[in-house]
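When the chains are written out, they are named A, B, C and D in that same order, and each has its own residue count from 1.
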Amino acid sequence: MPGLIANANRVNDFVVKFANVNGTGSASANSLVMKAIFRMGVPVTGKNYFPSNIQGLPTWYEIRVTRDAYAARASQVDIMVAMNAETYSRDVRELNSGGYLIYDSTWPRSGLLQRGDITVIAVPLAKLVNENFDGVRNRILLKNIAYAGVLAALIDVDLDVISGLLTESYGKKPKLLDSNTKALRLGYDYVKQHLTSPLPLRVEHMNKTRGHIMIDGNTAAGLGCVYAGATVGAWYPITPSTSLMDAFKGFCERFRVDPNTGERNFAVLQAEDELAAIGMVLGASWNGARAFTPTSGPGISLMNEFIGLAYYAEVPCVIFDVQRVGPSTGMPTRTQQSDIILCAYASHGDTRHVLLFPANPEECFYLAVQAFDIAERLQTPVFVLSDLDIGMNDWMCPDLQWDDAYRPDRGKILSQEELAGLEKFYRYVDRDDDAITYRTLPGTSPKGAFFTRGSGHNQYGGYTEDSAEYQVVLDRLKRKFVSAPKYLPKPVMLGKGSSEVGIVSLGSCDGAIREALDVLGRQKIDVDYLRVKSFPFNNDVEVFLKTHATIFVVEQNRDAQFRSLLTLETAVEKSKLNSILSYSGLPMSAEPIVNEIRAKLAEAPRLAAVPRKL
Amino acid sequence: MPGLIANANRVNDFVVKFANVNGTGSASANSLVMKAIFRMGVPVTGKNYFPSNIQGLPTWYEIRVTRDAYAARASQVDIMVAMNAETYSRDVRELNSGGYLIYDSTWPRSGLLQRGDITVIAVPLAKLVNENFDGVRNRILLKNIAYAGVLAALIDVDLDVISGLLTESYGKKPKLLDSNTKALRLGYDYVKQHLTSPLPLRVEHMNKTRGHIMIDGNTAAGLGCVYAGATVGAWYPITPSTSLMDAFKGFCERFRVDPNTGERNFAVLQAEDELAAIGMVLGASWNGARAFTPTSGPGISLMNEFIGLAYYAEVPCVIFDVQRVGPSTGMPTRTQQSDIILCAYASHGDTRHVLLFPANPEECFYLAVQAFDIAERLQTPVFVLSDLDIGMNDWMCPDLQWDDAYRPDRGKILSQEELAGLEKFYRYVDRDDDAITYRTLPGTSPKGAFFTRGSGHNQYGGYTEDSAEYQVVLDRLKRKFVSAPKYLPKPVMLGKGSSEVGIVSLGSCDGAIREALDVLGRQKIDVDYLRVKSFPFNNDVEVFLKTHATIFVVEQNRDAQFRSLLTLETAVEKSKLNSILSYSGLPMSAEPIVNEIRAKLAEAPRLAAVPRKL
Amino acid sequence: MSYINKPKVAHPSLPVNTLGMTRRQYEGSMSTLCAGCGHDSVTASIIEACWGLSLRPEQLVKLSGIGCSSKTTAYFVSGSHGFNSVHGRMPSIASGANAANRELTYVGVSGDGDSLSIGIGQLVHAIRRNVNMLYLIENNGVYGLTKGQFSASADIGTKAKRGDVNSSPPIDPVLLALTLGATFVARSFSGDKAQLVPLIQAGLRHNGFALIDVLSPCVTFNDHEGSTKSYTYTREHYHAAVEADFVPLAKEIAVDYAAGESLPVSLHDGSQVILRKLDPDYDPTDRTAAYNYIGNKLKKNEYVTGLIHIDESDSTEFHNLNHTAEAPLNSIPFEKLSPGRAALDKLMARYR
Amino acid sequence: MSYINKPKVAHPSLPVNTLGMTRRQYEGSMSTLCAGCGHDSVTASIIEACWGLSLRPEQLVKLSGIGCSSKTTAYFVSGSHGFNSVHGRMPSIASGANAANRELTYVGVSGDGDSLSIGIGQLVHAIRRNVNMLYLIENNGVYGLTKGQFSASADIGTKAKRGDVNSSPPIDPVLLALTLGATFVARSFSGDKAQLVPLIQAGLRHNGFALIDVLSPCVTFNDHEGSTKSYTYTREHYHAAVEADFVPLAKEIAVDYAAGESLPVSLHDGSQVILRKLDPDYDPTDRTAAYNYIGNKLKKNEYVTGLIHIDESDSTEFHNLNHTAEAPLNSIPFEKLSPGRAALDKLMARYR
């Protein structure tokens, strides 16, 4: 077993990948394994690579067991559970040298041993399952649990923990509990009886997951909207944003329905398309509700016209863009950060928008809440730019916290009393000299009535075609945008701050960058890292860009969109900005970051002592 | 008459402004005057400032008599024909010191003499007209012709020329001809009998308009589409682009209808909205017709999703964006250049688009033709960014030329024969290594059949979710864009090229800049000027930016969008780029350019010798 | 300009409604439409209707898209909030606004271009969602504001001012609404204030989506010989099948109608509409029958007007289906919306 | 993946059409839909219909939006060009393509989400424009590709897999198309190939917009107890009112039908549809009558199927109205399109 040596003592630090066919219920088996490891106190991440169809195509699930709690995709696979004949050969190819291949040996396969540097583990899964269970569908499902059992035995997952999980899910359905437990044991015992186990790649109890949860970003964001007090959600289904609204609806049904009357303190409108969804959000926000819409790239494109109206008429609204691979329909089930420029400048005419960049599910929760405060404070659209990796994959995060003292910032809304105190109300007059004007809600009082329009208007809210009157409003809008950073989350700095080399990035690149920093650190290359959490940029961004000689901008798109935004919206000279791009559609891994930084620094040894050889 | 002195000898160089109420038919009277001056061989420009409604609101028409053939709006008014009581006081205020005010003295007005530095010319127009004509509508219309007569006498417009024009328009309607001629004379003779004429501000025959025409950009662009061989036009009405399709339709009805059969070699589809209009254009182009859509900002916003599809699936199409004041509905009857960034990067995901920037109606014609060649050569959307000033105002241009040898460049389309010669056809394989691949048209042959999709596809045209396959196509698209400039019109350079100061601009800023250059030149400030005609930028742009120490970027929007594009898409360091912005909605004038350049240079005297005082 | 409102000092002699307000106080800013435009008459009817209902201005919300018709929301009840949104998308703004506050009264004013061309998708779905609002289409067969192109409601054979003839079949908003299950469908004419005012009042009180297709001629671009949407043509071809009298909550029914011909329908808030059938064999409560009747008349180029169909079983009104709280969503205290820390801590267990 | 086409070698024994082509040669790439998806049966019927018509693959153009249904254009006639556009916007692509080349045969495949939600505006206007194409809605009451949310065709009371119940009224594409004046309106069921194939053939030959609403169950998200779009429910509730037999140009009518019950309609290209009325008191040529019949059956939860309405007076087909040249616009030589120098010089006079 050549693999053994290469992998000696890889405890709590390896990658298992499951190759399945979608629609066969493998998901539950895979997450069963992941959850079990998590409960053993060992950090894990799970990445799901699924096709844009419903049934019958190849799908993969990757569990990274990572004692160092790295959140990024690992660029290698140590154990491949190859359950899909169609992708078998490429799955074998993908396996790391010294890795392990688990396959269903019910029907022995040709070309198995085409690689001498891996260990092949044969288990007659179908045979075992068919001997013990009936029913086509049933057998398919239980075969998944059986390979979970096999894996559990091989990597030494605590059987009690798994059984515990099964009991939790099937507690109320004893039949199902029995069959699942039995299937699990079938695989587990087979290994114990016929194979040497555990493998050197194995899990051991740790204590690094207490106070943490496994959650996806869409669930966290949906929960955030509930906590922010959003009452109206409008949407049109689109991958990968759909589960955000599902979560909001689910939590509302739990927390917002009067147990006695059944009355609901929320409204979810499934719109006929994205143009309608954003229109509903504007209508609701304008009318005083906290409202939001989750969508993805194509939806943003369709919302362009309304976004311009919201900017110009100053109607708050919150838009979640769970980014996927573009252009056009692109690859709906793959991840990218390629809507940055579109969101920053969406719609015709002079427009610019506030963007928030969560880096993980935890931030999806907190930034969802902040997004509403910011939108109402600034009376403008706020985009939360998440992505498929954050939104749909399970990440390990610290428990979500809530301060009961929190109260929403509704911004400048005049009450009936305040109106009574005014001589006259004008919607767009800059009374406080902060470029933010006062609004009123329909139903308040005739004195507060004003006319909202996307056509030229003066500061009194009146229609105008007069250049000067038009410019008064447009200039204030610019001042408002310039003043925005003080209401926005500050960037996060990592590192001494004194290094000559800096990384600037955003969102889901974070995991890969943190891991890369460790690797580089071990190589005595130290690099500072600034993670931007919002746009327009805070002054800290300026400072970081100024104080670092060489800067790497890490992002997940082809055209260096974030680098473009930095170039346009800070004082930095772009020659200073080196791009590290990943637009494969797969979540980012540390490898390219490490390599490109080493390569670049090698060219300019002055910057840091870098061993010439890799 | 204090005015007299100030205006001594202003022959063929002054501005007349007409203040009217819209829907009263003043347009024909105003253009009658303009045309007459033009026919006297004296260069003129006309700017129309009309409201976004149909009847009853103030409207202005400005005729600039300019012996130097300046195309820009003049920033002063020498003669005000004040026919609108509602705007009377602001019209008086706008008049240049020493200027002349013509008003209808039928009902003497108060506050007439509120300005001592202007000459007031009273003509009892209504009285004259009512005494001589019947019918409310008729009187309103003829009163306009009467003031035209007044003006003709005052500024010495050749009466025969005007009569000639009247005969041309009413030749077939003797009754109308009579009444109009009579009305004209009423005004003309009144002046001759009661006032000293001509004024020192007057026109004299010249010879500077031969070989020229007065035409608006939408008409020229529509004509260009006809000459380019476009057969399908799809649109949804929107100011200020509507007249482009009206022109195309009109010319087609003249040139494309079989006199015998009545069969039409064109199809104009009035779509239900802009999403449908661009979809129709894509369908038609994909199917082998040259197709286009004219629109304005809101339309571009709505077309975003389809534009991304066209970019990614590589479907040629031509979009005319006749820009108006944004954001949102903005001021539909005012001009701006504020869709630059949106058009350059329209749609979600990594997308970038070819832009063309006509500077006047003449270029609207030629660039319209080129746009189709470029779109089909590059198999991508091409935006022609015009604006309301170019599109709807009458400009003096050299006669339009046509070379009968011209044949359209349909780009890489495989014929049935060519297909027969191929082993197998793949839509997106880069056979020629120029990043442009071959397409086939439906109906050609089963061998040429391919499947067009906006979802992930590999170079064979097949659906893919594979990172590598996806990237092959996306990377080629980037190479294609980088190679685009060689198919695009080059920028136009003006000046020695050796100056330290340079202006970079685009589109309708041209007239104002050329005039500013003359003014600065007279002040011994010499400045080079590069007018960009297309994006992505040609290398000449790089060179100009490199070889000039101080650069002024002149454009008509708030956010310096063109400067942003230069910053992102050239090597220039943006600190070098100084913005001169005009976003009032009025066509640009030379004044701000002269002033801002002088001011800036005054700060840095090193650059050029500038007298400290203005 | 719309912020310069005419002084609202009530002249003592002017009649006042139960709120003590005069008609003048229901006016808006000065119209910028063409003299004689049908839309201005509709505006006048809306003012009359609101005044008659003694509607509190702040209780009314005015919504519109883009077009001459859509501009009119600025010309009535300046004491109400107005939202002049983007072209063809007002129904989504209305749906959202209504979701946020179910207590206010929503009136949307649109045109045939705004509603039947660019906006037909949103109109269709607002009807399906049964948003509680009055939706007026000021139908003139053309795009007025863009200078007279044919709209989707232009009849076959109608001639444009410039001469071209329309050949595509018209979309009839009434037949469309009936097909989509609208619960209040009416048609009227801008020139028939007597018919229009009670329809507007009933529509405002109807609990659900109320559509009124108002034939409202465009004097500038579609009022000529050969147009089927001109004043003359409309006057000659419109035909009232069933008139509606609106009886506010307060009043009890004074007049008594000949049985059979009249049909009282009580509205959600207790007020009533009395339907007077001018054509005895017409049943405004039977959707399919109504569809036939209208359809057959249309074939004969007759526009049937009046309250064409009404169904007060408001079971499908959006908030009914959603079981939304009685109190407006925008008024619910934060404490009731945010589950708080304890709940969150408890919830965490689900993710371990 | 769709570029890997199965080998098209015709096995000698396979039956061939008049072009000498086998059914296999009308297939497309391998379907990636769920096993048992109704859409795959519709694909099979399209293949059968095209083969039966001996359609040249290059003469067919396949258009679609986005959805499981929209994917299916890749699964038939791989010898034809296909354009899988964006969600809900296929009708505009079709209108443009058809404008550019009136000679080809256009088939659009869409879903209830693609056509009745996001796409209803474009569908309505494609019908109004009477674009010459066959438009198939593979109607399953849900958004399959996004995992089963209700679509606008979901019936009131139908239960979703996850349990929630739909309460909004359904939009019926057939009633909608009749209201909009469509000249060919049919409904069928993916499971009834015998009925569907001739409808597709007639639809392809109809000169104008032909709509077929095909009930096509989603086995994964909408085939359960309590769904009104499941196989079982559909089988039980669909009811053929009028069957259509398609008789290609070549064949002369062999079978003779009992008078009164059968009605031959000749299509544009000379081929015929023979309508066999299973319900004698049904008249497929009377639009309003058809509307009633369908509407009343729907109230009883019966889906009427068959060729519901046909009108072969193709006067309103787009190119007829446009007087477009007979030759496809994309084939007209440049010389005929560009007026040339002399004309331009002459034209200049207008602008002096």
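Rule of thumb we're sticking to: a contact is a pair of C-beta atoms (placed from the backbone, for glycine too) under 8 Å apart; a residue touches a chain by one contact, two chains touch by 3 or more.
Being a predicted model, the structure only gives us computed values, none of them experimental.
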{"item": "A-D or A-C, whichever has more C-beta pairs in contact", "value": "A-C"}
{"item": "Chain located farthest away, centre of chain D as origin (C-alpha)", "value": "B"}
{"item": "Centroid distance [mean C-alpha coordinates] between chain C and chain B, Å", "value": "40"}
{"item": "CA centroid of chain B to CA centroid of chain D, Å", "value": "44"}
{"item": "Contacts with 2+ other chains: residues of chain A", "value": "51-52, 272-273, 298, 305, 309, 328-329, 453-455"}
{"item": "Shared-contact residues (touching 2 or more other chains) in chain C", "value": "86, 117-118, 120-121, 124-125, 129, 152"}
{"item": "Contact footprint of chain B on chain A as seen in their complex", "value": "51-52, 297-298, 300-302, 304-305, 308-309, 311-313, 325-334, 336, 338-339, 341-342, 345, 347-352, 453-456, 465, 467-468, 470-471, 474-475, 478, 557-559, 561, 564, 567-568, 571, 573-575, 583-586"}
{"item": "Chain C contact footprint on chain D (complex, rising order)", "value": "117-121, 124-125, 128-130, 152, 167-169, 171-172, 175-176, 179-181, 288, 291-292, 295-296, 316, 321"}
{"item": "Complex interface listing, chain B residues touching chain C", "value": "23, 51-57, 236-239, 242, 270, 272-274, 298, 328-329"}
{"item": "Residue numbers on chain D that touch chain B, as the complex places them", "value": "1-4, 57-59, 61, 63, 73-74, 78-86, 89, 91-101, 103-104, 121-122, 124-125, 129, 319, 322-326, 328-330, 332, 334, 336-341, 343-345, 347-348, 351-352"}
{"item": "Chain B - residues contacting chain D, complex", "value": "38-39, 212-215, 223, 226-232, 234, 251, 255-256, 258, 262-267, 269, 271-273, 275-289, 291, 305-306, 309, 399-404, 406-408, 426, 440-446, 448-455, 458, 460-464"}
